[in-house]
Every structure is written in structure tokens, then in C-alpha cells.
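Two complexes follow with chain A in common, the first pairing it with chain B and the second with chain C.
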Partner chain A sequence: MRAIDLSAITDEDLQACAAIAAEAGVDLKDCYQCGKCTAGCPLAESMDLMPREIIRFLQLGDLETVLTAKTPWICAQCDVCSTRCPQNVDICSTMRAVRLASKHAGKQPVREADIFDDAFIANVKSHGVSNEQYLAAAYNLKSGHLMQDAGNAIRMLKRKMVGVAVHNSQGRAEVAALVDRALAADAKRRADASGKGGEA
Partner chain B sequence: MSRIGVFLCYCGSNIAGTVDVEAVAEMARTLPGVVYVETNKYTCSDPGQEGVKNAIIEKGIDRVVVGPCSPRMHEPTWRKLLADTPVNPYMLEVANLREQCSWVHKDKAIATEKAKDLVKMAVAKVARLSPLHSTEIPVHKKALVIGGGIAGMQTALDIADAGFKVTIVERETSLGGKMVMLDKTFPTMDCSACICTPKMSEVGNHPNITVKSYSEVESVSGYIGNFEVTIREKAKYIDYTKCTGCGACETKCPSKVINEFEQGMSKRTAIYKMFPQAVPSKPVIDAEHCRMLQEGKCGVCAKVCPTGAINYQDEDKLTTETYGAIVFATGYKLIDWKPLYPEYGGGKYPDVITGLQFERLVNASGPTEGHILRPSDNKEPKSVVIIKCVGSRDPNKGKAYCSRACCMYSAKHAHQYLDKVPDGRCYVFYMDVRTPGKGYDEFYMNTVHDGAQYLRGRVSKIYKEGDKLICKGEDTLTSQQVTVAADMVVLETAMVPADGIDELAAKFTVGRDADGWLVEAHAKLRPVETNTAGIYLAGTAQGPKDIPDSVCQAGAAASKVIGLLNKDKLESNPQISRVNEALCQGDGACANICPYGAISIVEKQFRENSRKVTRPVAQVNPGLCQGCGACTVTCRAGAMDLMGYTNESIMREVDALCQW
Partner chain C sequence: MMKYANFPGCSANTTGKSFTISTNYVAKKIGCEFVDIPDWNCCGTSAAALTSPELAVALPARSLAIAEQKLPGLDVVAACAGCYKSLRTSLVYARKSAENLEQVRELIDMPYEATTDVISLLEAFSAPEAREAIAAKVVKKLRCLKVACYYGCAMVRPVEVCDFDDPEDPQSMDELMALIGAEPVDWAFKTECCGAAQQMAVPKEARPMIERIFQNAWANGADCIVTSCPLCMLNLDMREAEINKARIAAGKEPFDIPCYYFTELIGLAFGGQASELGIDIHFHPAEQLLQKRAQDAIELEKAEAAARAEEERRQAELAERIARKKAEKAAKEAAAAKEGADVGKEDAR
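Take a look at the complex of A and B:
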């Protein structure tokens, strides 16, 4: 265990943590660390930090710990934590905001999750809907886990859950434009924030 | 021309730290009518007051402006001071330079400017005031206590012991409230019934106390010293002058009804006493479940009653009496957790019980005769989970506040469980342990040493696996998810105001806060008074508290009532509304808006243009009017004026602010 030198936490760290919370629409001071979020989290046992601890490190301003934590990348966004939180802290959205901040800071605490995210967005952008067989293929190639879930392929083929045919939605150009717009808006927001010295 | 004296206060550095008091004084000297200005470090101190008094006499001052703290704090002080001088106590205006100026500003220049404005306005207003004189109102030397729980009983006993008559109105069929349902009381572990039931019989037998059980307040009118209250005594269907309380009827009654006193864990009959030690120690018939009253067939109780006390034709009785003072001791109920917490089963698991159910389970006269047996299968639970703050400190699902007694009674429950089931395991999920009280933290530490496993975290879910209740929580001190396979779960649920308090408070014009608790006149300095004169608070009606605190507050409320009833007459507040009958249109807008029911519309005869005319005009009851001023702003004709705050004097204030 390391000790946290609270005096070494900079104003920039605190601002960056506040910006993450603001993006999630969360007031970090609301959290009184009761742990009900963690108690109900279906994935807590796979996490390196408990969901409650992510909020705690944000409260402390320990940005590095938050950005390099695996927890937000393991979070399945099931929203149980936010639903049950007595203080109305949206932990689930906070996880998503941390994940974004972590990616933009060039961290990759869970390499596979990052690769999957990118593959998923590229997949939706090019087909207008998610084509799972191509998504799986793209993910397996990029991640190097070439045979992952390959055993399921035959059964899924039999049940016509996947197929060789490409399903493209009619409005795929519009979907692609939507994805581009969202990514551009996110990039602009970040550029504005870093211009103000807000976020790393 | 008026001769106004202005007395400005430094309040140490409270005002002078942010306001240049000397500059304000300099400005005040230039105001019209001002003949004398003085500054003082502490105007409210004895030498400060002496100085004001001397100046008034020496300079021939006839109106006074003071510039100290809020009138809420010291206006009575200044009025008392003026009563000792030739100046009428109502020829006074307080410019609030502290709460409304120095305390809320940081910039000295701006605060000084504002202070000058406040003083200007006060000077303009005081010049337009006229002397007011209070009248005397009689005091009925009798008190009404609403609620017969521990707070109500203690209040009634203290008032009655001082020699005044008291009536207790209790909605249930017996005195005792929540306390009599409890098994033991922390931190000394006295048996609750052993200390509560003697009080009940003391109340029942006290020559100065009348107990009206199974009764509710129907309506109220009047004011301090003179409240006229109508009480509805619900039909008991039993003649209490004949009934001896032998209990034969209860043993024969064929109707079985869920027992509310045992928290739904056993059955009672339709003719019933709430519990064996009930006061009055006589039964009532629950009409809704009585076969005779519903279907006209049965009548067994009448047959077995040896004294012929049963009367199926009984009806509600209304009685009206006048009381000088009223105490609200209406208590609390536990929050209905079931719709709020589906994650705890929402009531579908019978072995997830409330703290009050646990009290009955562990009580020797309870449904299990004191053996801790879980409701579903009457087996002794070998592992019990206690969850604190269910509904408390939970703004999302319940209440934001801390219910204050649960930390202690959950420690008590853990202690009692481990005492009765020595080979059992007890887990307490908590967020904080709050034990500020004499002997409280020691009690909690004892429970820990008894073997209760305290886990810091809220439980997220309870679900059933086999006959176990799986509780999922986090031990936040180790950052580990934890699960407990429990046989029984006790939820320590939040206190919320008793049912019906909203209607009752409205009848008496007593204020309620956002959570529904009755509001005290001042959180620190007037904790047992309400904003309606003559009405007081005791116990949990005002907010969650434990028994020692309820009893303390009951004593405090009683001493206030005794102080009031000791007076033969009261001085009325002359700052009330007055009707200008020449302008009044009699449209009743004022009567509709008045929150105190102080205004009525009466037909009155006038001579107008040499003719007799009869037309409706408003009439103010000086005893009821509290001087709130709602009528004055409602009246379109401008016929309503509040003495001491006349429309003209307020317009002069506005003029001073804008033009001087």
C-alpha cells in the first residue's frame, strides 16, 4: 500500500476530477461512502478498485489513480449502483466519464475494453447497425485473441444468430454522420476544456 | 415636529467590523426630525440601556430608532426599556444592522451604504407611528395535551402536579404510545413497560387529569388563554361506568383481527383491549370487524358481560371545552419501507421485519412470549442481520435526516439477540454509529464486545436462497463485497410524523417543516413553543428523538404551560389589523386570506349622506389576529391597516429609500 500525499495533489488534478464529475452530472460531495453501489455491483469481484473507491479517489483529487484504474473499463453500465444510491449520485455515468477521460489521457488500463470500444464504433459507423460477426472478427484480430469465442460460432450460425451476409441499415450514411458528429462534439468540448486549463 | 433619537450599535465587531457605524451616525444627524444620535459598543448591555434611557429623558425624545441586531432577538428588550420612559413602547423602529446587513455582506463600503438606507427607512417610518396600547385577555386555567404517549403523559403529569387541570386526548384506545410497545430501553435496559405503565396508571388516576381515549380533536377556535376545542370521542360501544374490565367478553368474541399492537404478528378479537396493562383498562368494540355491528348477528359479548355494559347503539360524542394552553405530543410512526425498498424484498419476505416488530418478538408479553422466533416458520434464527438507516439519511428513497434513536436501539437489538441466542451470529450494517448521549457510546461498545459484527456499509440487496436471506453489502473498511446468509433481517426504519398531523396542524395553524414535523418558534431559544401563541410542542411531534429527550422536552413544554396558566390575564399584542369601515367594501377577501380565522364579515348600520344604510364590513377579532398583515395586502380598497405597520408608514419607508 502506498500513502497518498494529499499536499501533492495539484489544483489541476482537483479541477480534472471536478470536470469528470461535471460531465457525469454528479456532485462528488453528495457521496457519503456508504458502499451500497459496490454492494450491489455484479462485476465488483473483477475490479481492481471498488466503484465506491473510484468516487472516493475523485473526491480526494487523486487523478492518476482514477485514470489508470481498471474498474471503469470493467463496468458494464448496468446502472444498479445509480438506481440504489441513497444520495442520487450517478455512479454509472461517472464510470463512463472516467473511461472517456482515461482514453483521452492516453491511458489504456484494460487494453481489450479499449480495443472493443473502438471496433464497436467503427462497426456501427460502417454498417449503421452492429454486425456482430464482423465486430467479433475485428476485435479478435486487433486484440490478438484470435480464437476468442470461436467455439460459439458454429452454434450461433446454426441458430441463425450470425451469418455471412452483411446487414447494413438503410440509413447507414446518417448513422455514420451521427457518430462523426458525436465524436467531433466530444473532441471540441475537450479542446475547449484544455484551452481553459481544465482537463488533461 | 417629532423628536427622534437614533441609537446605533457596534455589537462588538459584529456590526462595526463590516459597517462604518460612525459614518451612518453622521448621516443620521442630517435626517428630518432627528434630534439626537448616539453610538454604543453594546447597546443591549445594562450600561448601554441606561444611556439610551437617560438620553431619551434629557433630550426630550418622543420616538426611537435603534440600529442593532434583529428585532427577533431584542425588540422585546427595547420595548421594555421604553416602558420605563415617557415614550410609548410602540414608538420604536429597529433597523436590523446585523442579520440583514453586516452578517450578510463582506464589502464594508457597500454594507455601510446599506446600513444608511436601513436607518433612513426606520427614521421615516418611526415619524409616522402612533402610540399603541395593549389590552388584557383572560386565561382559562386548563390545558389540553394532544397525544398520550410518553411525552404527552409527562407533560400532563407535570402540569397537573402544579395544580392545573389537564385533558389528554388520545386517538388510540389506551395511553402509552410507542414506548409501551418497546421491550427494553437503552442505555440502562429498564423494562419499558415497567417504567411506562406506572406512568399510565398515574395519569389515569390523577385528580387533575381527564383522559379522553379513543378520541380526536374535531375543531378548534379561539386564541392563547381561550382555545375552544371540540373533541370527538369515538363510539366505544361499552358503557365505561358499568364495565369492570373483567375481560370475559374478549375471551368469547368470535371475530379474529390482525393485532396492530403486536405489529401484525398475532390476532386479537373485535372487542379488545390494546394490551393487558391498557389505561383505561377497559375494552372497546372495533365496529368494522364486529359481527353484531356489521351483520346484526352475534351479540356474544353482551350475553357474557356480567354488568350489562355493552351498548351496540353507542354513538360518537362531541364535547366542547375551553383551554388556556395546548400541547402537541402527537408522536411519530415508522416509515412504510415496503414500497420504497424493493431491493429488500418490499415486504415479500416475512422474515425481513422492522425494529418495532423485533421489540414485540423479544417482549415477554409479545406474540412469541419473548422467544426470538422468526415469523415464517417459528424457528430460532441463528444469524440475524440488522440494517440501519432504512429510510433515514436516504434522500433518494426516504428522508434526508438522521432518525437519531436507531443507532442506539439497533445496538440494543443486537445485544438482546445475542443475549437470548448465545450461539447466534449478529451482523449490523451501519454508515456511522452516532451515540452522543450519557452512557450511549459505552452501551454501543458493550454490544461490540457481546460479539455483534459491525460492518460499515449499506446493504444493496436481500434475496432468498433456500430458507436463507442473502444480504449483499460492502465492508467499506476493507473494500470487500460481503454477503451474509441470514435467517432473519431487522430493518431499523426511519421515524416520520404521525398520520393525520397535517390536518391537525392546519386546524391549529401550527407550522410544519418540509418533512412534516411541527416547527418550533426558534430552533435554539424557543424549542418548545410554536409560532401560534399558547401552543407548545413535546416529544417526537417536533422531530425524531429518543425517550430521554422526549421526557425532557415534555417537562420544558409543561413549564411553559404552567407559566402561562399561572397568569390571570395576558397582555394582548396591539399590533393587529384595523378596519377603516368607511373604505371597507365588505367583499370578504381579507376574511378568506386570514390564516387565523380572525376576520369575519358583519352587517353594520351607517349614516351615509344623511341616510341610514346597512352594509357588510370586516371585523377583526383582536384575540385571534396575530398581526401577520396578509389582509392589508389583500384588501383592494386599502381599508385594512396593520397597527405599527400602517400602509402610510411603509410608503414613507419606500420614499426614504428612493428619495432621501
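Take a look at the complex of A and C:
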């Protein structure tokens, strides 16, 4: 871990880190940095910061480091960290909260992960269900990885696992409205929270 | 009476169709009925959770509210581990407080009481009634088949959401496999994550996760991996060829580990053909191993029958020898008694 100039950390940074922890339902003081989360993480070897370090930077209030880290975007949300934590710190939910904060701050440390999830939700909003072949196609187009899994697509076609037919839920319009309602409620919650933060 | 509301999930008729085919085969044989939730929608899986907490709660709640209205009294079954986790996460949230439930109702704009329970298919088939029915229908035990039961992460974690089997060393699938005569191996990666959607989004980072799962199953003597999730299956089965290509290029031995849905193997033990169960459309060749192990089982049974016959022969021989000895002893005693009686007579004289 590099040296950090703690005097450069503002009250706003500390508040933002506390808000991330609150969203994850975590008390950051519970973590005593044992590293068990990192030891069990199946993706730790590919992360720029270890899961333990994400918690540490949140404790210190180093918001910028946390929001630009690739780690929460590489995390597969498998929950092994939270299950094994001796202090019951929900690291997995913290990763999710950091990733959402990073997304809402307009950052995209791992472009592909962001594109994939957006493409997934767009697919569900259009059809009510996820059409894997069109999700893969949309992802490849938007990410620029045009040939990714192209060979596997042919193998799936041969096995009649996928075809050109689009599956739609009969309630697709209801689902689209539900997605809009949920995202509006999400935006309102965040606006209210930042309004409160401004007042305080 | 085994009857459930079924949440099929988006992969039921596509990449997970072998799971659906084999599940229906087994369900029919054991008298378990699944009624699809009318007009169900995608659970949102991790993509919804990583987009908005509200969305992650609302998408599954809509299908659960429909099940509650249209299929009252039936528990919801989800075959896919991802669907199972999403549905349960939403349900647990709604049940946590009256405020939460009211918030969910507003999000889905439907009446909803969060009364319908959600269980996984593995849990449904592990219930005592189902296990009894499964045991009764087995006509061909899958002996000699060493299976690594792979539960993945979403089936068992987080505990406060899933809570039906141990998060580190679950047993339900191992017990079902033992019930049909297969040999579950002890291994360390039962609940290790397969990478899920990250295999698409960050393939370079996520691929080693799959390789390690194969490696650990291989090192512990497993012939195959058995799974209960269509995404785990796709990540393992479809990507094994690519991993093997990289291994060969690196001078390492390639894996030869077919993957099966637990329902496929149960169906096989019921006497089903590979093509009736969807085993013929796997990516990694999956039929040869089963044929080989079926042959091994026949050989083993022959050897066991021969050993039993030999044991019976030895027992019979032993019994005969004991009987002979007893007869000899009795004759000797009788002779001695007679002699003793004669001596006694003489003494009396």
C-alpha cells in the first residue's frame, strides 16, 4: 500500500465513503484488516486493489482511489468474502455499493463490465426476458469485441440452443414500466441523499 | 403431493435446455408437478443488482406477486442458481419489514404479501418425499461414476438469503448422487464461483476460475462435474475446449471432464437414454464416459457376484466341515459314554 496524504482528504470524501458503507449496511470500523476476504477471493489475482484494501481506503476516506479502482468491477459478486469475514463485514455488498457510486460519478474503470450490465438491463426492458444471443450481440457491438465467443455462438446454433427468434414475455410492457419506475425511485433516493448531504 | 410454481428462467429453453428436458423427465417419473408462473419475467440477476438496488428487488418481485395471485399455496421453484438467488434476495428484503414490503408493492404496482416461498430445484428434489420417490425409481445404479458435486456460489450464499445447505461444504447434491449409486468425491471447490457473467465481461481475468475448478475436481479423482445451474454449466462445459487449447499450448495435460446436470444423472439412473435427457447436446463429449462407467459397473457387478458365489461356497464348505466335526465329536462322546457305562457296570459287579 502506497503512502496517502490524509490531510488531502476532505469532509465530503469521508461523508461519501460513509454513505457507501451505509448503503452496503456495513460499519467500516468492524474491519480489522485480517485479509480473510482477500485470501478466499477467486478473482483477487486479477484485481488492482485487494478486497481488503477497498475497505481500508474507505476507512481512510480516500474516495478517489476507491471510485477509480477496477476491483469492484472485476468482482463477480460470489459473496465468499462476506461469508468468511470473522467480523461479519459485508464486503460483497460494499463492492456493489462502490461500483454503483463509481458508475453514478461517471467513472468506468472497467468499461466492458459496465457495458455488459447496461446491455443486459436494456435487453430485459425490451423483451421482459433476457435473449442471450441478442445480449451477446449487443455486448460485442458496444464493447468492440466483435468476435468474442463467435465460435461458441456457432456451437450453440448447431445444438439448437439459440436461434434468431426473439422471446418476449407477454408482460413486456409492464416490465418496461417496472424498470422505469425502479430506476426513477433509485434516482430519487440518490437525489434526496445528496440534498441531505448538502444541508449537513 | 409434490406440486410447485415454476420459475423457468431465461436459459430454460436455450443454453439450459438439457436442464429443462432432464428435469421434466425426472419430475414426470417421480410424480412431481411444475406449473409455470404465467407471464414471468427475467429475475435481473447480478446485472440488476449492479444497476440499482430498487431494480434488483422489483424484477423478481413481479414474478413472485403473479405466482402468489395465480398459483396460491404453491412454493416457487427456480432451477437456475442465479434466478434462485435473485428471487430469494427480493423475497427476504420484502419480508424484513412492513416498510420494505410497502416499497416493493409500490415498485411493482401490484398487490403482494411476500407469502410464497422460493426454493431451488435441488432443494425440491432433496425433500424426503422426492428422495423416497427417486430411490424407488432407480433401475440402473450409476456405480463406478466418480462425481464432483459442484454447487457454485449462488445456491448457498449469502447464508441469510439461501439458508438450505452448508455454505462451505453442502451435501444435498452429494446425497442425491449417492442415492442413485454414484460416488461423490471430496473436493475443495464445491462452492467456488464459476465467474458467472464475468466470463463475458472480463474473460481474461475470469478464465482461471474455471480452470481451477476443473483442476481441483481432476486432482481429487473425479470423472466428471455435476452441477445444478445452467450458467455454471455453460461456463464449464462450453469453455473446457478453450481452456484445454491453452493448456496444450502451455505444455500441460488437457482435461477430460464432462459436466452433467444432476437431473440428467438421476434420469439416467431411471433408465433414460442420453438423448432423452439432453446429454447428447453437451459441448464436451459426455456420452462415452457414461458408457464406459456403465461397462465398469457391469464388470464390477460380475466380480461382486463371483466373489459372493465364492464366499457362499466357502461358507457352505465351512458349515459342512463344522457339521462333520460335530458328528465326529458326538460319535466319540457316545463311544466314551458307552465305554464309561460298561466300566461302571463292571465296577458295580
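Just so it is clear, the second predicted complex is superposed on the first by the 195 of 200 C-alpha atoms of A that agree within 3 Å, B and C clash if a C-alpha of one lies under 4 Å from a C-alpha of the other, contacts with A are read in each partner's own complex, and residues count from 1 in each chain.
Keep in mind that, in the parts below, a contact is a pair of C-beta atoms (placed from the backbone, for glycine too) under 8 Å apart; a residue touches a chain by one contact, two chains touch by 3 or more.
Computed from a predicted structure; not experimentally measured.
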{"item": "First (chain B), second (chain C), both or neither touched by A:Arg96", "value": "second"}
{"item": "Partner touching more residues of chain A, whether chain B or chain C", "value": "C"}
{"item": "First, second, both or neither for A:His167, with chain B first and chain C second", "value": "second"}
{"item": "Partner chain(s) touched by A:Lys29 [first = chain B, second = chain C, both, neither]", "value": "neither"}
{"item": "Partner chain in contact with A:Cys85 - chain B first, chain C second, else both or neither", "value": "first"}
{"item": "Contacts of A:Glu45 with chain B and chain C, given as first, second, both or neither", "value": "both"}
{"item": "First (chain B), second (chain C), both or neither touched by A:Gly128", "value": "second"}
{"item": "Overlap of the chain B and chain C footprints on chain A, listed as residue numbers", "value": "45, 80"}
{"item": "Touching residues on chain C, where the partner in the complex is chain A", "value": "10-11, 13-15, 17, 38-42, 44-55, 57-59, 62, 106-109, 153-154, 157-159, 167-168, 191-193, 195-198, 200-206, 208-209, 212, 238-239, 281, 283"}
{"item": "Of all residues in chain B, those that touch chain A in their complex", "value": "343, 389, 393-398, 431, 456-461, 472-476, 479, 481-482"}
{"item": "Touching residues on chain A, where the partner in the complex is chain C", "value": "23, 42-43, 45-46, 73-74, 76-80, 82-83, 90, 92, 96, 99-100, 110, 112-113, 115-118, 120-121, 124, 128-133, 136, 139, 148-149, 152, 155-156, 159-162, 167, 169-172, 174-175, 177-179, 181-183, 185-186, 189"}
{"item": "Touching residues on chain A, where the partner in the complex is chain B", "value": "32-41, 44-45, 49-50, 52-53, 80, 84-88"}
